[in-house]
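Two complexes come next, and they have one chain in common, chain A, joined by chain B in the first and chain C in the second.
Then we have the complex of A and B:
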């Protein structure tokens, strides 16, 4: 859970993730260059930018998913609650349980809906018995706004759901490990507008309890769901700030050009 | 610069139309070639099944001769008290032999008695002995017992040695038996031998042709030496060639003489013909006896009595003329045995039953006693060992190589070698088994494991591993990366991801590969020959360390045996093997369909 609730207003919120001089290399390619950014708790932060600008790469640094790519190399410092997640004593597996992730394409496990949610709590030993697990599954599915649709068919495979439902199931699965941060890598790009609207509504609700970082191609979406926006271009973090400011009076010319559709 | 608007006109040109025609024609050609290839493959399959199943039909049933065998206490239990298996066994042999001799008391020569002994299987007496040992109360009674027929008798009843056909006659016959010999004279009202004479003519003509061919060869020799004689350099050579010419001329003239003689016989056939053992057998059955005809005229015939009968006149319907067109030399059942077998059939003692013995018995030197069960159990144990070794090692190796191993020169080298191993001839694995695994296991187990499924299974596991690893790797690679991301994303470790998510999803593919590999191993012969699984093993193996054979090796061994009944059993064993393979492949298809998941 977030370290501090939203009662004091947005301006006083804690910094959840702090990155300093982060560089990412894929072999010889320098994908991310000296990115410094602060991500606030209980806020939706949107990463926008043209294709290949490194926003997904940077997102994957936040839960060390880049570790699974042999050629990827990360330098710099990323602090989660003031602890360096790239420190030697940090176990990336444990980290990923605290920093949940939702992927571009809905990827439920080909198991039952129940098992999709229950898998994370089970392997991390979050529950003592079956009834606790049942409670977690129900509350996660409720929070993912999926409970009413699936409560009678928890035994059916997760893959039998529609695309939007699958993505909500994936969100439910991500929050089932009780993370502090939710990373979303273009969660709506494979969905139709109605499903997209549902997910966006859900993201807004999730902000109460989690720091949400969302990568999106759609500036409208960034405008709708996020409070903070960061604009990436060619591996550089060009500009970050409140969404309103980025969209109305960007400081950098490149941001201006991207917002107005001149580059992209 | 090319103008695209101009190019579009080309779509409607004659050139375009001809291109379309060409394209369609090549498509049709490909389709026809494909159909032809499939048709050819189907035809080959049908031909294979047709011959194998057709030949195996001879093993589906077996014949039994049910006769009452006396079990006298003085032979079977001379001492009284407990039955002794050796005494009973010996007594049973004698009892069966004596009973047959009593029924067919006309078998008076040694040769005939030997032929008589070949009617029921040598195993029949053992079975009788076993029955008596199990039921001692039978001693002292006459036991109604089904004796398993010998292979030749069985094949005779199945018609493999030609069938006795009844030549319809509507005339009476007078049979005169000589007082002091086996000779019989037959007097008929009509000529009933026309069909026989036709067959005789064909045989005589064939012999005449053969003599002519041989004469021609001699004639060629004569000419050759005549040419050499002309160019001969000295007197010595000349003399030598002259002798050759003389001897070959004599031989040629002799052969021509024989041929002419035979041709004359063909011309005059029907007046008086001799029936020898290369000609159809003509048997006369009348008054409870049998006569084999040796000489036929138009309305008379001479013959040898096989089963005695009295001199008498038989009206039409009271006697039969039976012809077996397969000559006696071409079959293993003599005319004497034919008479015995027909008599047994007439006595209603012969029954045909489904051949459970083939499916439940071990190997035997006697084809009628040989079964596939020993080899099937051997195959089972071998496959168990193969599976237990190859499946875990193969799938885990594949898992390691795909999911955990770093991609570097060493893993590349390993991969290349695994692929190459799949192409290594299986006999090489047999050599490995003989040179390494067998001595190693012998040393470890302090025992001799030659011919044991333990060794065979290990060798086959080595042979199967590359297949399983290659199939498993393909299956693991086919699991979408998004599943791995999903698992890693919720904080599963690499190991958890692999075993909770990747492995279950790859399992249908891994199992398919394993079953295909196992099916390949099930049909493997060569490596097992190397490690001694080719031995003649009668007992059903009870475990992986017992000496055993396997089905393909059994097929190989039987196919080598001269008995005709074994060739049919070879085919039947092939059918059993094919059935197993079909079942295994069906299982592979079923598993793939059942557990295939979509994502």
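Then we have the complex of A and C:
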């Protein structure tokens, strides 16, 4: 388990996000129960589990997206680089610049391709002038493996792109604010296999600079893109460990039944 | 695994692989039993049956391979299903080889008799060795069916006895051959039969190691095997 790193008192430098006893309630519903997990730097961590198991809810705790839901209540501790992200002095907007998010359905702004990328750096004051902004737009589109396809039509609306291109644009937009962590909530579920493969290739490249946490319903995708896998069931984190271990010899019977496609 | 897959076809395919493997196991058991019996009683018809059975054994290995490849490609099995598929393929490979050894023994049967005496001492040892090897093969197949780790580990340890008997047979036959060069042809044939049995024991231990991976998910490690065989997992 990833948490062992901390328990063993080993060097903790590689832990990007640390969650301790995290509980989430939607009104009376107890959606997440005492989740302890360490998200490592430069690692892709996959959250898997049946619908309603809480994996997306927990993902949204990591950049305080649950703040936007009135009835949601989060307890416990989530540390990003050892700083409590739920501390009173933390601005959720700043936090979300550091912990970016990509959603299931590509959701580019109704703006030009250029402005989709430029929006974040502008509002966060990350650039001094137009040429710096141009550089950021180009480098982010390159990092998102989209530059060559759009460099001649940066003024066209983001929504004019194909689904896969739109999703890469959203990834480019997420990394434009120089985040530490990228959260992806089923980023390929609306894409065809080619676009999916391009996103997966991109995720692997992004890992060099970011921690990536991906929620996916596809076991094969979890196996292909992640180094760590965490299995959620009924709001509990059942098992977390190396992806290879989870997919060859999981320890918990619930994990085994889920990943092998059995009724558990 | 008691819990059924949501996709019932997946269960059907895994069950089919297992059924083919058990058919193969039964045939290979009969091959070893019959080849030794043919050697013991100079039964040519029985030796012929062993050789003919090998055709079906080879076919079964191909069928298991094909079906496993199909399951890997189309179902992408993971965890215990993945281990079951890989294990079936490897166990089938070992069984096929054991079948070849039985065929080899059956083919040499007549040569022992046509080239003179049968060396009573080594011959008795050979039959003792064959009892152990046959028992090991039966037990490892039973352990496979019942997913019995302990039984499989006991099998693994019994190979030491097989190796010991083989070494003594080797020395004895060597002595006979040195004493009298006319014993060399029969001696060599008997020695090859003993060697085939010894190799059969090795393939049975391989199967026991594959069963270890299937049941525990861990790669087989000789040191762990010793501990577990002697005193349970925490012992």
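Just so it is clear, the second predicted complex is superposed on the first by the 249 of 264 C-alpha atoms of A that agree within 3 Å, B and C clash if a C-alpha of one lies under 4 Å from a C-alpha of the other, contacts with A are read in each partner's own complex, and residues count from 1 in each chain.
The definition used in the following text is that a contact is a pair of C-beta atoms (placed from the backbone, for glycine too) under 8 Å apart; a residue touches a chain by one contact, two chains touch by 3 or more.
Given the structure is predicted, the values throughout are model-derived calculations rather than measurements.
S.K.: Put chain B and chain C onto chain A via the superposition and say whether they clash or fit.
M.R.: Partners fit side by side after overlay.
S.K.: Now for A:250: first (chain B), second (chain C), both, or neither, which partner does it touch?
M.R.: Touch status of A:250: second partner only.
S.K.: Quick one: is A:211 in contact with chain B, with chain C, with both, or with neither? Answer first, second, both or neither.
M.R.: In the superposition, A:211 touches no partner, neither chain B nor chain C.
S.K.: Let me test your reading of the model: by the given contact rule, A:261 touches which partner, first (chain B), second (chain C), both or neither?
M.R.: After superposing on A, A:261 lies in contact with chain C but is clear of chain B.
S.K.: So in the superposed three-chain picture, is A:196 touching just chain B, just chain C, both, or none of them (first/second/both/neither)?
M.R.: In the superposition, A:196 touches no partner, neither chain B nor chain C.
S.K.: More residues of chain A are touched by which partner: chain B or chain C?
M.R.: B
S.K.: Roughly what angle, nearest 10 degrees, sits at the C-alpha centre of chain A between those of chain B and chain C?
M.R.: The angle comes out at 140 degrees.
S.K.: Once the structures are superposed on A, label A:63 by its partner contacts, choosing first (chain B), second (chain C), both or neither.
M.R.: The first partner, chain B, only.
S.K.: Tell me which partner A:42 touches in the superposition: chain B (first), chain C (second), both or neither.
M.R.: neither
S.K.: Could you look at A:226 and tell me whether it touches chain B, chain C, both or neither (first, second, both, neither)?
M.R.: neither
S.K.: Chain B to chain C: minimum CA distance in the overlay, Å?
M.R.: The answer is 25 Å, the least C-alpha separation in the overlay.
S.K.: Hey, which residues of chain C end up touching chain A in the complex?
M.R.: 1, 3-7, 10, 76-83, 216-218
S.K.: Which of the residues in chain A end up touching chain B in this complex?
M.R.: Checking each residue of chain A against chain B gives 63, 65, 68, 70, 93-98, 100-103, 105, 107-110, 119-120, 123-124, 157, 159, 170, 173-174, 176-177.
S.K.: Write out the stretch or stretches of chain B touching chain A in their complex.
M.R.: 406-407, 480, 482-493, 496, 500-501, 505, 597-599
S.K.: Over in the complex, which chain A residues touch chain C? Could you list them?
M.R.: Counting only chain A, the residues touching chain C are 219-220, 223, 246-250, 255-257, 259-264.
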